[in-house]
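Structures for review follow.
Below, chain A partners chain B and then partners chain C, in two separate complexes.
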Partner chain A sequence: MIATIAAKEFRELVRDGRFRWAAVVVGSLLIVAALAGWTAWRTQAQTRDAAQSTMQAMWFNQPAKNPHSAAHYGLWAFKPQMPLGFIDRGVDPYTGTASWLEAHRQNEFRFRPAMDATAAQRFGEWTTAGVLQLLVPLLIILLAHGAFAGERERGTLRQLASLGVPARTLLIGKAVGIGGAMGLLLVPVAAVGAALVMRDSGADGLFRLFALGGVYFAYFTLFLVLTLFVSARAASARGALIVLLSLWAWNGLVAPRLAADMARGVAPTPTARAFSADVQRSLANGVDGHSPASTRNRLLQDSLLAAHGVSHVDSLPFNYSGYSMQRGEEHANGVFDHHFGELWAQYAAQDRAQLAGAVVAPLVAVRQLSMAIAGTDFAQHRAFADAAESYRRLLNKAMNDAIADHAAPGQGFSYLGDSTLWAGVGPFEYEAPGLGRVLVAQAPSLLFVTAWLFALVVTVRRERRLSVL
Partner chain B sequence: MAYSPLLEARGLTKRYGDTVALDALDLGVNSGEVYCLLGANGAGKSTAINCFLDFVRPDTGSALIGGSVVADDPIGTKQRLAYIPETVMLYGNLSAVENLEYFATLATGTRPARPDLLKHLITAGLTEVQADQRVGGFSKGMRQKVGIAIALAKGADVLLLDEPTSGLDPKASNEFHGLLGMLRAHGAAVLMATHDLFRAKESGTRVGIMKRGRKVAELRTDEIGHADLEQLYLQHMHD
Partner chain C sequence: MSFLTMLRFEWRVLRRERLLWVAVVFFGALGLYAASSGARFTAQQRLTIAELEQAHAQRRDSLGQLLGRLHAGDTSRRVSAFADPRSPAVVGRGLGAPYTILPPAALAPLAIGQRDVQPFWAQASTRTKQTFFVNDEIENPAVLVSGRLDLAFVILVVYPLIILALTFDAVAGERERGTLAIVLAQPVDPRRVLGAKLAARALLALALALGLTFVAVLLTGVSLGDPDTWLRLALWCAVIVVYGAFWFGISMAVNAARMSAAASAVSLLAAWLGVVVVLPAVAAAVVTVTHPSPSRIALTTRLREATDAASAKREDAMASFLLDHPAYIADASGGAPDPNVVSMALQDAAERVMAPEYAAFDAALDAQRDAAASFRFLSPALVTQAALLDLAGAGEARFRAYERQFDTYHAEWRDFFFSRTLSRRSLSPTDWDAIPMFRFAEESASALWRRLAPGLGMTLLLAMALAALGRRGLTAAAQAR
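And then the complex of A and B:
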């Protein structure tokens, strides 16, 4: 019976000119968005790879120079392009994708397109994920809002009900039929996506695409069943449409914004100015605020001289400049750990608070999942930032240690390092977290989506009697 | 009565706010009977039929089909039933055969073969050419014929008809009642709401006259002439 109902819904929709138009428009939008995103992604990937190897070569090919100058010369770390980055750009436009690694400071990320974009551009940028999250649900609503209410108005629902078809069978059959028609539009899009992913990323990309497809399948199913449920309950197709459009706007536009605002209220973050002022203050006076650099240096000198039983730093068995620079670096690292640690913790708290919004709007959880699977969520941005920072510290320590160990007393700044030293640091290598780890980390979002589906299924199962008049 | 009627109303009562749509209605329709419900607009005829379909739940009393209470088993009691309202509503962008195929498959659980579907449509009075046309352009009479074909395909022996011929031209109406007679002869129990006293007398075996939700008279059609039935009806409408 379900198959019969589904087949008839499918046939009717496919014969409907409005459906054909809408499917062509939304399908083209999706494919255009995917192709455009992919083109930009590829260009960026090539630029990134080229820049990364140029950077690395420049580092290795430095002429003999003082290691501390080399550390100041610094190098860029570029975030790798993730296989599905072209489908969902996630937080990249806001956080940036490259970090300048240099002596003495943990830098903020650069290359943040959102910073340069006007408000209109930001709104006008349709990523594939954006179309999937907002336009496809809208299409589902437009196609399915009359599934019951319209039949009730036309009187065919009475004819159906008089046959002894259970309401639930009817609902499932309609869901399958309309879902099948949606498949006509979405399957080609998925195929285009798979072809693009296959070209550059192979199996890992495909697994991610499957996972992403699963998430969006659940999201669309949710919308379809919700639409049918509202349609079954509504007095008229118009009424159903109004209710559903309100729910759509709430889920897609209002609730995510509210959740983000609320999250910022719950876990506020300082402005960039205030943050860097705080960092500067702590660098100068210590995290406790009472140990200025001069005091720290005097204490360090005194303790070293006492420990080695000498009266001048030039008599120490190592180069004092190199040693003290590393100590200064470690002091700064403590300061960065403290301040960035607090900042990251606030961002993580914001993410968690924001996810609570999924209780009232499933899109909040879906958006999280989509970014995470695409490898562009905040947690993965942080994983990269941490790796880049570790590399920066490793590099600085190697430079300072070289001075401490090899420079003649008092000659710290005239000592020259060579290519063995540069090469000894090794290249910056970063492996993004795999799909499995990402999904484990996304357990809360997955739980929210599952809970939504479950709640809807339970509600539908309880729906025994269909109002036909 | 030695056996329980196929269709039975026991004290059916339904109120909408202050209006009493049904007021302790009792009636029974046996196999081979056509029971015609007469009464002014708003008398409660449609409400009574809708109680048998579980479209309306009675406040008190119950509607029974084949001895089962409709409200307790709304799906089961529909298995042998066919419903033809004033205008049979169909899917405009499907053809008559496709409509019939859909409804018949849902009703019986198996997909009938095309020749069977065509046979039912032709029995109901459509031509083979019409059978493959989309019903969007069908006249009311043609839609009613598809309704009959659905009843035939389902093999229904309980028919609930709510003014099925109102607005049909006399020839179409005549054909419709001819088919009804055939179904009755095969043992169907028919409950039909109508305003057509002439047809009630011609095709009905019994008539019940309703007023403000109550049955005020009930008689066998072979006991009374056309003129007398009209006389009786008008008399009830006056007081």
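And then the complex of A and C:
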């Protein structure tokens, strides 16, 4: 029975001129978005990889110089492109792409790609994810809003009911039929996506693509069931369409912006100026505000002299400049951990508040999941930022230790390091978090999507009677 | 029966529709929230600017006093070489330097545009522009991804939806309810009856959008003292009228096509999608592929290579720098060269190598902006977006003007400090007061108008053509029944 209904629905749709047109428009937008995104993605990935290896080579090929000068020279860490970044760019346009790893300071990421684009591009830019999140649901609404309401208006619903077709069977059959027609559009697009991903990123990319497919499948199912449900209850196709379009506009256009904007108020972030002033203050006076640098240095000196039973720092068994610089770095690292930790906690609080918007608009959760699986959400930006920062600390420690261990007393700044020292740190390598970890971190979003599906299915199941009039 | 009477009658009918009130409340609430969001953003920018100016005034005063004392021969305080206000090299690199500020425009609370990702201040410095002229403002990227909810967005995206929702079944609804025949049986020109039906609804949406603008202007504390602000506000309203007329024209054409209410809703939705979503997407995709943003990563790498190369050939850099600045040699009294002059020479050598790259970078960005600007004619939505952003001072042109004025100022700043470093003159209190300051010069209203006119004209023409089409169709519809 279900198969018959599904086959009828499928055939009707595929023969419908409107479906063909809409499918051609949405399908070509999807493919154009994927190809345009992929072209840009590949150029950026190549530029980035080349730049990163140049940077690393510059570090290794430094002439003999004082290790502290080398630490000041530092190197830049450039954020790598994630395999599915071309499908969903996520926060990447809005986080910096580069950070300078230098002595004494944890720099923020600079160069937001969005800065170098135009407002029209920001308004009009459609990634594949954008089309999937907004236009495909719209297509579903257009195709399915009349599934019941239309039949009711034409009077054919009464005939079906008189044949004894249960309402639920009818609903499932229609869902399968319309879903099949959508598959006709989406499966080839997914194949193009898979081909592009396979070309550059292999199996890991394919797994991610598969997970992404699962999320969007759930999202489309949600919309399809919702549309059929509204259509089954609406008096006319026109009424169903208006209700569904309002829901669509709310879910896709208004609620995400509203949730984001309201989330800002939950945990307001400081201005860049206030933040850097706070960091400077803590660097000078300690996080507690009561241990200025001069006191810290005196205490350090006194305790070292006492511990080693000598009267001058030049008599210590290591070079004092190198040692105290490393202590200075460690103090600064504590300050950075404190302030950046605070800032990121504020971001996290905002993100949680924003995700709460998924209660009224499933897209909020779906978008979060999509970014996370594509590897372009903020958590993964932060993972990279943390890796870069760890490398910076490692680099600085190696430089300071070299001075402490090898420089003659009082000669900390005339000691020269060489290429063995530069190479000793090893290259900066970053391993992005795997799909499993990402999905675990996304448990709340997954829960929201599941809850939506569950709630809708329960509502539909409780709807026993189908009004034929 | 006059047109006005028909409008009044239609209004009485409309008042009883639930959809109307839902639309009014939703649109109004959303618009007010958007206005408050724009106002909050702008207030934060203004706060940052006030903080910057205050911090600069304090530093400028304290350093100025220190300079006065040092200049008068007071040696009681030791000053580190990196904090010496007498040194033109140190002050030029940014000690106590003023901020180059792009202040929010008068109507700024109405639109945010790219203001949240582009720099709106930088501290003057003799350093290479590309190393510091960026926006490092703290903002959760998850917020930026969603896009800003400002009044411009509401007008651009939601306002057409309201117009379409109110008008889509003006004719088809009457036909489906069976009342069209009665309406057309009235002793008036049927076209005028149908026209009045549509006009009443469109005027309502227009009144809503204009009303929102005025409420937003009043609530967000836009200062209305300047006649220029009034002019911009009037233009903003004109944009709303023209954009509304375009959607009204589309609705009229579709209403005249004698479709069922559901079919006309779908057609109007398709039109909305095409104009607001698909065409801008096509424009953005084409611009992104044909004019990709130049890479700052590549630029940073190249700058570092150039700097390293200059340092490796320090003597060459110094020699060629001195060839260009013979005055310095005449002053030099043997011994090691001034380290500040050496670093100037190295920066100069690196910038010579980089100059063509910077030029190419800026040219690529300009080409991208030009391409985006010409692609706006593809869709009235893009034209309207550009116009609204321009009027609120959040558009590309104003930012570009800021960049250009910054470049001029940056050159002036460098000249001031480089010449004093080269001639080994330490800064005097007179010099201190003569340090160049930056002040953004706003674009004239006529230049703004010249930029807006073509797009507005195009949208208006489209609106008129659609309305003419609709009028012909309505005639046919009236005659057919």
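General observations
The rule is short, and it goes like this: the second predicted complex is superposed on the first by the 465 of 469 C-alpha atoms of A that agree within 3 Å, B and C clash if a C-alpha of one lies under 4 Å from a C-alpha of the other, contacts with A are read in each partner's own complex, and residues count from 1 in each chain.
In this text, a contact is a pair of C-beta atoms (placed from the backbone, for glycine too) under 8 Å apart; a residue touches a chain by one contact, two chains touch by 3 or more.
All of these numbers come straight from a predicted model, not from anything done at the bench.
Superposition of the two structures on chain A shows chain C fitting alongside chain B with no clash.
The superposed model places chain B and chain C at 90 degrees from each other around the C-alpha centre of chain A, with the value given to the nearest 10. More chain A residues lie in contact with C than with the other chain of the pair chain B and chain C. Residue contacts after overlaying the shared chain place A:353 against neither chain B nor chain C. With both structures placed on the common chain, the touch criterion links A:163 to chain B but leaves chain C unconnected.
In the superposed model, A:29 lies in contact with chain C only, and not with chain B. In the superposition on chain A, A:4 contacts chain B only, with no contact to chain C. Minimum Cα-Cα distance between chain B and chain C in the superposed model: 16 Å.
Within the complex formed with chain B, the chain A residues making contact are 1, 4-5, 8, 11-12, 15-16, 154-156, 158-166, 465, 468-469.
If you check the complex, the residues on chain A that touch chain C are 18, 25, 29, 32-33, 36, 39-40, 43-44, 47-48, 50-51, 54-55, 58, 63, 76, 78, 90-91, 93-95, 97-98, 108, 110-126, 134-135, 138, 142, 146, 236-238, 241-242, 245, 249, 253-254, 256-261, 263-264, 269-275, 343, 346-347, 350-351, 354, 371, 378, 381.
Touching chain A in their complex are the following residues of chain B: 50, 53-56, 74-79, 81-83, 85, 87-91, 93-94, 98, 102-103, 105-107, 109, 111, 150, 154, 160. Contact residues of chain C toward chain A in the complex are 19, 30, 33, 37, 44, 47-48, 51-52, 55, 113-114, 117-119, 134-149, 153, 156-158, 161, 165, 169, 260-262, 265-266, 269, 273, 277-285, 287-289, 292-298, 300-301, 304-305, 308, 312, 365, 368-369, 372-373, 375-376, 382, 385-386, 389, 394-396.
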